[in-house]
Structures are given as C-alpha cells and as structure tokens.
Amino acid sequence: MTREGLTRRDVLKLAGVGGVAAAVLSGCGPLAKHVRRHPYHDMPEYALPGKSVYFATTCRECPAGCGLVVRTVEGRAIKIEGNPNHPVNRGATCARGQAALEGLYNPDRTRGPKQRGGREISWDQAVDAVAAALQETPPEGIAFLLGLAPDHLAELVYEITQALGAPPPLRFGGLAMMEARETLTQAAEAVFGQKALPTFDIARADLVISFGANFMETWLSPVAYAKAYGAMRQGHPGRRGVLVQVEPRMSMTASNADLWLPAKPGTEGLVALALGRLMAEVAGVEAPAPFADVDPAQVAEQAEVPLAKLEKVARYAVEKSESVVAIPGGVVLGYDNGADIARAVLALNALMGDLGKASRVFFTPPAGGQAPLPPASFQDVRSLVDRMKAGKVQVLFIHGVNPVYELPEALGFADALLKVPLVISFSSFDDETARYVTYHLPDHTFLESWGYQRVQVGADREVLSAFQPVVVPVFDTRATADVLLAAVQKVGGALAEAVPYKNEVEFIQKKVADFRGRNDGIYQASNPKLFWAFFLQHGGWWTKEATAEPVQGKVVKVGTDKARFSQGDLHLVVYPHPLLGDGSQANYPWLQETPDPMTTVMWNTWVEINPMTAAKLGLENDDVVRIVSPYGAIEAVVYLYPGIRPDTIAVPMGQGHTALGRWAKDRGANPVALLGAGTNAAGDAAFAGVRVRVYKTGRRHQLARKENVVGVYGDGRRIPVTKHEAEAATSKHQE
Amino acid sequence: MAGGNGHEHTKWVMVIDLDKCNGCNACVTACAMENNVAFTGEEENAYGRGMHWLRVIRYWEGEWPNVRVRYMPMMCQQCSNAPCEPVCPVFATLHSEAEELNIQVYNRCIGTRYCANNCPYIARTFNWFDYEWPEPLNFHLNPDVTVRRRGIMEKCTFCIQRINQGEEQAAAEGREVRDGEIQPACAQACPTEAIVFGNWQDPNSKVRQLAQSQRGFKYLHELGTEPKVIYLASEKHDF
Amino acid sequence: MHATNLPAELHEQVEKLRKEHLLLDPRPREEMNRMVLEAMEDVNREYFIVMVLLGLVTLVALFGAWGYAMYKGLGVAGIRRPIYWGLFIVSFVFWIGISHAGTFVSAILRVFKAEFRRPFTRAAELMTTFGLAGAGLFPLIHLGRTWRFYWMVPYPNQRWLWPNFHSPLVWDFLAINTYLLGSTMYLFLPLIPDLAMARDKSTGWRKILYTILSLGWRGTEEEWRHLQKAIQIFAWAIIPVMFSVHTIVSWDFAVAMKLGWHSTIFGPYFVIGALLSGISAVGFILYMIRVSMKNMRYFIRAEHFDALGKLLLIISMSWAYFFFNEFILEWYGGEHTVKEILRLYTQGAVAPVWWTMVVCNIVVPWAVLWNKNWRRKPWVMALMGVIVNIGMFAERYVIVTGALSRNRIPFDWGWYEPSLVEISIAVGTFALFFFLYGLASRLIPLIPVWEVEEGHHAHELKRMGKGVVVSVAELE
Amino acid sequence: MYGGYQGRYEPKTFVALYDDLDPATQALDVLREMGIEDRFIQVQSGVPWRPDLLGRPARPSAVSKYALIGAFLGFLSAIALYYGTPLLYPLYVGGQPLLSVPPGFIVIFELTMLGMLIASFLGVFFESLLPPVVGKRVYHPEVSDGAIAIFFQVPGHLAERVKQALSQTGAIEIEPAEGTFL
C-alpha cells in the first residue's frame, strides 16, 4: 500500500472476515418484497426458533449512513451491530445507533394514521388526502420539508415535485443547522474546487488541528472519524498522530486533544491564519497572502491564546509532521464570520501542501456519480418560512425533521405553520410539529423500512447504503414513499406517468439497477433479482477499491471581519448533545440513561459554566439558572465545567421536548430557543453569535450524574488517579 | 495453543487502549442493549442508582486553561483473584472453570451486596427495584440474557452468552475459535477500536500482542486481584 | 447468713452496710419470692398501654416497613452505589454489641465471682437474647431477597450445593447462631429453679406455664449438681463464643478489600466497643427495671450502678485506646484513600457523627464516671447508657457508611443518607427489644432469687478490731 | 432388700423440712446413725448446697462428659461441613483453594462450641432425668421458699422412731411423702 493510500484500506484488512460477516451472508431472508409476520408454527425457513437471523441495513439516526447488522430472533430485533464490511463505520456503531431499537419498539410511537385532534383515520383516507393535496394545490403552493435521511425518499420527492412543477424539497434539521454544511461546502468549493463536503483523513495525519469540529460526537460522520482517530493514535507503530483543538468550549473531541486552545469566540479564523504564517516562517517560506496579513503576536493577544503554544504547534507541524490536517466545523462555523473561518482553515490545508506536506483531504465520490440532494441552508428554510407566513404555501409535507422543536423560535416556524392550510407530517412520533398538522401519517422507523442512503462524507469510495426491514412493522405505519406513490397513482395522469413506480421497493430497485452493470463493486450479479439479494445482504453497494484521492487545495483570500455578537455577558455555545444529537432520539430511554461523555449527566439539560465564572456569579453545581438571550430564555441546571472559557457558557441541544413521548417530554430545556435567526455569509445559521445573561433562580435541581461531585471536584482531586498509568510506563506488567 | 487439540483452556482477556478511547460512551449503550440492563430514570440516577455495567470514568485534570480530561472505561475486571467471590455466602458469584471468568448466578443471589462492597473497581450494580420495559420496548430484550428482578446483584459478564455461542459454533464446525470472532458488545461497538477482546492462550491473538505494549498496566494491580482487563496508558504530546 | 454477735456500738455501721449492700441485707426467701412474683404479676394499665404501643410500633415500623421493603425492593432504603450497606448493617452491629451485655455480666463476672452481679445476671442475659433477636433480623432485612435467606443455612439439597464457608457472612451466620443458641440456653439454665419457684407460688394459667417451663425441677442434690456444672461450663465456654461473635462481625468489614475497613485491630476494637455499649445498656435497663417494677429498689441498689460505672469507665478507656490505635496508624500510613476517609470522618460530611462518637464514648464517660456520687445515681447511669449507646451507634454508622463512601476511585465516591424506611425499621427494632423485654419482665422472674439467697448465705459481717467488715464465703 | 417383708415392714417415705443448713445436717447425721443409708435419703433445697456442706457423698457430675462428646460431635460436623461439602460440589472462589486451613478454624471453633453447649444443656436434663415422664416424684413446695427438705425411706416399723429422733433436731415439719426419689 502506498504512503498516499487511504487508511481505511488497512482497517479493512485488519477487520478480516469476522464472525459477523459470516452472519451477514446468512441473512438472505427477505427476498420477498415485503416481510410478513409469521405465526410460530409457520416460520419462514430462515427464522428458526432460538436461532438468530442477521439483516444488514443502514443506520438512519443521523445522516452519516453507517452500515448496521441487526440481530433478530423469532421476528424481533434484538441487537444492533456494526456492519464490519461497511466502508463508513467498519463494524463500529455509536451510542445512537446502538439505541435505535428503542426507537423501533418505543411505546410512544405514533401507532397509526391520524387527523388533527387525534382522530384515527384509515390509510385509504390518508392516501386520498395526500392525493387531493397533490391534485388540487397549485404546484408553487406545495412544499416538502425533509430531513437529511433517507436519500431515496428525497429523490422520489424530487421527482414528484419536478413532475408537478413544484419547488424542490428542502432538506434540513437541527443537526444540519449545527453542522453548517453549506458553509463547509462553499469553502471547499473555493479551496478545493469541489462543491461537496470534504472528508479529512485524520487516520494517517501526524497533526490534526481541529477548529471547532466535534468530529467524534455528531459532526458529519462521527463513527468514521472516531475509527480514524483510533488509527491516528495507535494505528501505526511508532507514529502517533497529535490532535490540537481550537474552540471556546472543550467538546468531547477537544477533551481528547493533546492541546486545547480556547480561543476567544470568533477569532478562530485568525488563529488559523496565524498558525499558517508561523508554519511558513518555521519552514522558511514566505507566507502567502491571507497568512501574511496577520501578525501572530497580535492574533495571540486577540484570541487570548499563548503565542508560545501556537509557535510550538507550528514547529511540530513543520518539523515533526509529514501531513497536517486542519478541520473547520462545529460551533466555529456558527459565528457570522463562519464562512471566513471555514475558508481560512481550509486554506491552511492548502498551505500545508505548499509546505510539502501530504494532503489528507478527499471527497467521497458520490454513489453512481449522483450526489445526494444537498441539504438546504438556513437561508433557504428562512425563505420557506417567509413564504409560509405570506400564505404562499398551501400544502406542507414534513418528513424526518421536527422543525418546531429543532429550529430557533426566532425563525417563527410554528407561527408560520398556522398559516399553512394543510400540513401533513410523516413523523414516527407524536413530536412537537405533529401538533400543528392536519394529517399525521406515520412512516416506519428505519428498521422497518426500505431505502438507501448515498454516503456523502466519511467513506473513501462510492457507497450506496441499503435499508431493509429487519422486522415487520410494529404498528400500523406505512412507508411515506408508498403513501406518496399511492397518491400519485390516485392522481394519475401526467404525474403518474412521470413518476411511474408502483411502490417504494420498485422505485429503489429501479434506482439501484444501474449498479448491476458496474464491475468495480464488491459483488457482481447476473440478474436483477440476484443483484437485489446481494444488495440487501451486504447492506448496500460499494466499490471494491477505495477510489477517493487526496486533493490539493489552493490558498484563497479570506475575509477578516470580526464576528458580531448579540448583547449579553457571556458567549453561548449551543451544541448537539453527543448522545441525543438534535433531540430526535430524546425518547430513547437508554440514550437518556447513557452518561454524557464530558459531564456524565443523564436525563436533563445542564449549562456548562467555568468554575471561576460561577464563583463570580455565586453559582454552585446543581443551581437552576435562567439564561436570557435577546431571543428567548430557558432554565437549566449549572454544571461547573472546567473546560470552558470563563466568558462562555454552553448548553447541549436535545432536551426540552414538549412532546415526543414519556421519556422526552418536560425534561430539561431546549437551548435552540435562545438562538437568533441570523445567518453567515454562506447562508447557514449564525447560531454561535448569541450572548446571554445568566440569572440565579434560587432553586436547585440535582443533576443525575454518573460521577461523584465530591470525588471529581473536591477531595478526590487530591488522589493521583493516574498514578497507575505513571507506574505502567516503568514497570511492565507480567502475566 | 492455537491450532492445538482444542482442549486447552481459554482465557478471555480484554485490552483497552486508553490512547484510542475517546470517551464516547457507545460501549455503555451497547452493553445495555446487549445485556438487558435496565434504565432507571433521572431521579434514581441522581441518587446514584444507575445500572450501568460499564461506565466511562472521566477525570478533570489541571486548572484553566490547561484543563485536561482522561477517560477510563471501567467494568468488571474479571479478576483471577476476585475479591467479590469469597465473600458471597451462597456461591452466587464464583469462578467459572471453563471460561475463567467471574460469573454472577442471578438465580442464586440473595442480595447481601457484600460483593459490591468488596469490589475495588465498583463494578457491581444492584437491582434496587423491579425495573420495567413498557411494551413493546421489551421486544428487544435479548433472549440469551436473563432479565434480573429486584434484590440481586449484576455486573459485566464479558458477554458470556456470546462467548458460549461462539465456542459452540466453533465446536460444531470442528475448529478453534478464531481471534476476533467472539466480541463482547462494548468491543464490537467501540468506534475507535479501543476495546479489543480475545483469548490469552492464543499466542497470536491481538490481545496478546497488544498486551506486550510498554503502555500496558492493570488497574489497581497492587491489590493482587489479577484483573483480566489490561489497560494501555494514554499518551499525551505536550505542547 | 447475716451478722451475729456484733456489739451494740457497731450497730450504726452495720445498718449502714446493710442499707448499702443487698447481700448484707437478707430477707427471708419467702418474702423475696413474693417480691419477685409481685413485680412479675403486676400488669397494670400503664404497663398495658406501653406494651400495646410498643407492639404496634414493632408491627408497623419494623414488620410493616420490612414487608414494604420486600415488596418494593431494597430501593426504598437509602443505600446506593457505592454504599451498599447502610443503617441495617449499622443496627445489626449495634444489637450484636448490646447482646454482649448479658454474657459479660453473667459469664465473666460469674467466672470471677464478682458478687455484685447476682441480682441482675438475668436482666443482662435477657438483653443478650433479645439483643440477638433484634440483631438476627437485620441480616435478613438487608437481603435483597429475604425469602431466600435459607440458602445461607447448610442443609442437604438435591444439588449438593452448600453455603460458601469462605464467606465471612457464613461465619457470621454460624457465630450468631452459636451465640444465640448458647446464650438462650445460658439464660434458661439458671432460670429453671426460679421457674419452679414460680410454679409453686402461682395459680391459673401461670401455674400451667411454669409447670411446663420448669420441667419438673425439684431442687434435688443431683439436679443442682448437674445444673451447676452446666452453668460452670457455659460460663467458661460462652466467653470465647462472645469474643468470636463480635470479632467475626468485625471481620465482615476487616477481611474486605476496602480501605477504612481492612484493619487488623478491628476484632478486639469491635469486641471492646460491644462491651462498652452492652455494659452501658445494662445500666439503662437496670434503671428502667428499678423505677418501673415493684419491689426492685430492694434488689437493685446504688452499689450495682456504682460497680457498673467503674466497669464502664475501664471499658471506655480501653475503647479509647483501641480507637486511637486504629485511627493513628491508618493516618500515619498516609495512603491517599485512607487519608480521604479520615478526612471525611473528622472534617467532612460524616464529622458530626464522628465527633458525636468521640464525645459520647470518651469525653462524657470520662468526665462523669470518675465521680463516685454520680456513678451511684441510677438516673446518671441510665443517661450514660443512652449517651454511650448513641456514641456506639455513631461509631458503627461511621465505620459502615463512612468508609464505603470513599474508595480508590474518586469518580465513584458516594454519600449515604438513611431513608425513612430504614429509620423506621431501626426504630422498630428498639420497639421490638423493649416489647420483648417488657413481655419477659412479666413472664419470668427477673431476679434470680436463688442466686440472691445464695449470696445472702455467703455474706457475713465480721467484727474486726473496732469495726465491721464483710466476709464472703465461697459457696459455689 | 425389703422385698421379703410384708405389711409393717413395707418402706415408707417421709419428708422433714428444715429452714437452715445446720439443723438439716444434724438431721442427716441422725438418719445415718439410725442406719438409713445415703441412698435412701434425698435432700431438696431452694439454693444449691455443696455436698460437703451437707455432709453428703460427693459425686462428680457427668455433664462434663456430655460437653466433651458434644464438642467432638460439633468438631466432626464442622470438619464435614468445611472440608466435606466443598468436595460434593467444587466451586472455586477468589483464587482461593477449595479447602483451606485458616477459615476452617472459625467454622470448627463455632460448631465445636455449639456442640459442646447444646450437649451440656441437654446433659443437665438427661442426667437429672428431667422432665419427669412417668411416675410421681417426691417434692415439697416449701423448697421454693428456702426450706431444706430431707426425704427418706424407712421400713414402716421404724418410721415412728425415726420421726421422733428427727423432731429433736428442729424439723419444722415431718410428714409422709409420696412418690419416688429419682
């Protein structure tokens, strides 16, 4: 393998053909188009009592598209495992993927189609309603708001809207808002010339400088990045990659960094430029334009980071590293100068190339050459809201997103919904948005669904990741694609001709048919049926060889506008909860019960405050405070968090539901309420531009923590807990 | 020895590379989903009654701005000289000869909780109440793992049900268990491959190779518990 | 036998001695019998009300709460990770301590022929039995699955699965069993002649009861000889058993790999602590008997409280010695976690309890008991009984819950607060103890009359020079 | 001994009550002088009097033997439980050997003591033949009030003489008694 090759190849070698892989091959059960529930005396051949059957599918708890293998026993899904051959996650799963079964079997799922007011309707009535909506509404009055997954539905909806002449569907969600995908895409286009999300191959980087990218929590493709992180640290004998993180709040990713630089919010771009200039100086090269324009000493002062540290990082980058990766992401892109920061950081990658370092940036080739329907920017959603408010939207279809909860109240989505005469939600849960809808036509959860996801980031090759039902639907739900197709057929005419699919499976089969002709895939099939079987059996289609190649960027101009912030005392960082994500999984009890990595808090919303700031404000652990921003106010419980700037507080997103189910409802607070509706230059939400005031309420609420407060803050700190680690370095254990 | 006559004892060992571990807690959820670990809700957890078999210990180190965090996944260390075992009056926790693991016999447990007091790793949890999985949430309960009722202790088993199934499978196919074939839920889920599981008796196993590392240590080894979890110390580059 | 042939001028001295010492103030056996039986048969309204109340409290607070805990699960108790033992075990150790009273008074003082023991050996032995009854409940209450308690009993079963004899809890089970059976038999043996007496003196249902209980005792030479031999064997044998019981209870903690528990001095330290609480509790019980039962002022006098006070002072000093040993050696060792435990005790959240212990077990006894006048006041000794037992309860609370809340992993430290259910059960056992004691006080002769009479026979006043001295004959 | 005699030679049982030790020992002397052997005399008392004080033959109590036997049985059961039962179902704990010596001492000690105590306790009743199962035994309730009761058996024809002699010794009461001595 060449030095320039991509790491996941050796990971594949290491993984070998494990036991799970063998199990996947036996999971060739559902050749039939639809799974049927069998009585025990008439079990299908593959479902022996007491014998596990494994089905490969794809995780839809976030848009990354990790491959899963689901263990089922007698028709029940028992355990989710990672698909060891899947190019994205290579057998690993995150906590959210693990807990997906609790979504499937959640007692608070919507159990059947409903009308406003909770009245149950039949699926025929539901299809009639959708057909009527499609038929009777002028095309420009129809709007689709979809989540980032699944791609097949987005593509189907796109075809329908095209046939109707309606505006294309918008894909958005809370996570998308926090990831600022558009910002990153635009910056990538500028620097690397490709309008797509770049993937940073940290696995073989010697130095990773992450500017706010929480790539091991929720950012873009966390499992793929975590896998690469493991390889970066100890995957290559004799070489250990080093991570530097620049962000105001120590995220879980930053907590693993060798150096955390809590730069003043909004100055991260300058830090990147200063680092570039220092590196160029160390390398004895004249720094190109945007880097040459900054004075590192001045930047260090401005950003409140020690210049010496920056110099050390620069020296390490130039002298000790063969490859350096700089990643922009997370909160850093959420300032109103986020687009500049993204450009500055990506430009740093380009500069590395100029300094003779190997590039570790590549773009995942789109599966079948077709890029998935890109997510909308915040700006696009804002214009949809404006249209709704203006009464220009007569029918709104919502799938895979919970805008009333996930979008800032300042955007006024809920108010705008009231102006839409017909709102149809396909949510699997009675979420916040479902309260505003005319019809609630619950979709299956992904474990009961067909579909595919075109992997956009994190994989080194084309990946079309497949969904298949692993169990029969638990409730009286129906695939949204089937509902839409049935409605389309009901409407008939030109529409039915333009969208000629009988059902979802046929649509998917048509879409994947082209891959059968490819001879670079992991399997070849002589006929469509066999191809379909292989497709499901392997959990999708991808190429045998990694095809993504590192790209070399060019240094671009970077604006140096200062970030603007709202009025207030403290910067506010809102970040997706590492476990609950954007909150759509807040009703999964084990995700609530899994301790947050940094705080070990479960089941509630906390606000992270530096102990020094807390002392100034007279706050203690477990005090309830009121956080007031210009846009709203929430109450949250204080967590004294040593890893945050004293002028910053942070609140995780994901709790504070007013609906969704027994475990999510009335729990914690939703910090999105504090955010404004402003955007950065790329049109993404400027969610980090908020400053807040914190008021003591006098009330206290004991946070459910796994840690012991006294042990980790108080007396326990005197105990050298790492003494054994220190010992280990000298005395080798003997078995 | 691998490829031997198959009558050799297996000795299951876990290696946790703290340098790879990023503290993400996926192992915690995976463990809970595999082993039917009950969730207890906010109040009980705030009271210190979480049922987690596996927890990721996190320590804050240093003062602002030189704050550092260390993670350490901690579960039952399957000690060879397990302090929990001899104190149980009814042999509810004991050493299995076949797997050389520290096993907890739920049916035998009468709930003295002595084992939990005597565990230096605080690895054991107690069923304070009967916990529920409201229907249909109980559909995902693993049929291979007993659902525990109130009044008994439980703890990490190294996913013994997987070990048994893997060994049976290998025996049925007339071969040795392959390295990496048997994985507990935590190791399987671990996104950074920090947790590696395998047979110590197999000299070519990954665990055996990893354990050669200079970074290897056993937590609280000075107590003589001879844990079967080997940690590899994390490294930090100091800037 | 009483004084004879003493000159008249010594009369005053003699009277003073008689007033002071029970054994120099003989009354006819018949009268003593009557006094004891009268006290026993005195079931008045106050007694009835108190007993009904105690019974109700026992029923509700102890058995009700216990049933609730069994039904709901032990989560109703305040224990939590990592403090898996709480008030139940504290109470268990406490009552085991109380149970040391009887054996000490009755066995050790008997072996050393301490004559002042005679009137209250039985009162103390009853404390042993009922203390153990209370103590014995807690290992059952604290089980997660009480209904499976019999798995700790070595009994043959079809799987040939026996208890784990490596477990300190099984040692505990055996030791407590031995001690409970032993001390109950030891209570019963000297009781037989008194039951026979009651049989001869009572009528109605009591007659039937005592006829059965006294097992046909007649007081023949043979019977006395065997009885005395057995009492002698018991008095010697029960002493090591008593030491073993509390030692083994201490080993529940000391053998554990738990800092703060793993201490080699715990055995003797616990034994002394048990004696401290037991002996002081005897003072309290004697006071209660003296004030609440008829004719008891004759049998239980200031001299007895005085003697108990001296014992208590000595034991308190010994306890302090062990306590100091335990503390300073751990502290000097300087192990981090141990230092944290000691910091928790002395300055941390446990400090109020810890200092209560120091004050109640050392400061107060030393300040009070050196003074003979105070020692002789029954109410002072009763108060000492309460105070020292508060101190000893605090000691066990500190050791059990304090040590558990600090361990080698600061991430998993904890804190314990007893829940209402635990407190209720702990209080309920006190009610049970007093209920059983109250019941026994009206069902069996609380004063061993024959032993008192034997004492009367043994004591004589003798003129020596210008004064009168007591001379004691060895009759046993 | 009296088997061959009929009627007036038939043995009769009497009880003489004394309120103090001295007259009672005196009375015992009188009885012996009159040829009544110790085995036809039984003394009952409310407090234990040493045989040498009463002037009666001293015999060691067999209860100690019971104690020894009990201790031995307890020891054996401890050995059986501690070293026997683990072999029936070998279960290994904590890396400890199946059979170990030190904890065995604890089990052995407790069970030995338990055996000894139970045996001594039972010994009292076996040796004293208590509780009475058959037959009526001589007894006088005054014993409970501290009296020393001397029961003796005399041939009927000697009864009057003995009674007379005893009345000289200060007996409170001399009356016929019913029942066996045992």
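As written, the chains take the letters A, B, C and D, and residue 1 is the first residue of each chain.
The criterion applied here is as follows: a residue touches a chain if its C-beta (ideal position, glycine included) is under 8 Å from a C-beta of that chain, and two chains touch if they have at least 3 such contacts.
Everything numeric here is computed off the predicted structure, so don't read it as measured data.
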Innermost chain, where centres are averages of C-alpha coordinates: B
Two chains sharing the most C-beta contacts: A-B
Rounded Å distance between chain A and chain D, as computed from the means of their C-alpha atoms: 91
Approximate Å spacing (C-alpha centroids) for the pair chain C, chain D: 31
Between chain B and chain A, distance of the C-alpha-averaged centres to the nearest whole Å: 29
Euclidean distance of C-alpha centroids - chain A vs chain C, Å: 67
Shared interface positions of chain C, touching two or more other chains: 161, 164, 166, 170, 408-412, 414
Junction residues of chain B - those touching two or more other chains: 44, 50, 57-59, 83, 86, 88, 91, 220
Chain A residues counted as touching two or more neighbouring chains: 706-707, 712, 717, 721
Interfacial residue positions of chain A with respect to chain B in the complex: 16, 18-20, 50, 73, 76-82, 89, 91-99, 101-102, 104-107, 216-217, 222-223, 226-227, 229-231, 233-234, 240, 242, 244, 250, 252-253, 255-256, 258-260, 262, 309, 312-313, 316, 474, 578-579, 589-598, 600, 602-604, 610-612, 642-643, 645-646, 667, 702-707, 712-713, 717, 721-722, 724-725, 727-729, 732-733, 735
Of all residues in chain A, those that touch chain C in their complex: 706-708, 710-712, 715-721
For the chain C and chain A complex, residues of the former touching the latter: 336-337, 340, 343-344, 348, 406, 408-415
Chain C residues within the chain B interface of the complex: 72-75, 79-82, 84-85, 139, 142-145, 148-149, 151-152, 161, 163-164, 166-170, 173, 252, 255-258, 404, 407-412, 414
Chain D-touching residues of chain C, taken from the complex the two chains share: 28-30, 33, 154, 159-162, 164-166, 170-171, 174-175, 177-178, 181-182, 185-186, 188-189, 193, 196-197, 199-201, 215-230, 233-234, 237-238, 240-241, 244, 248, 450, 453-454, 457, 475-476
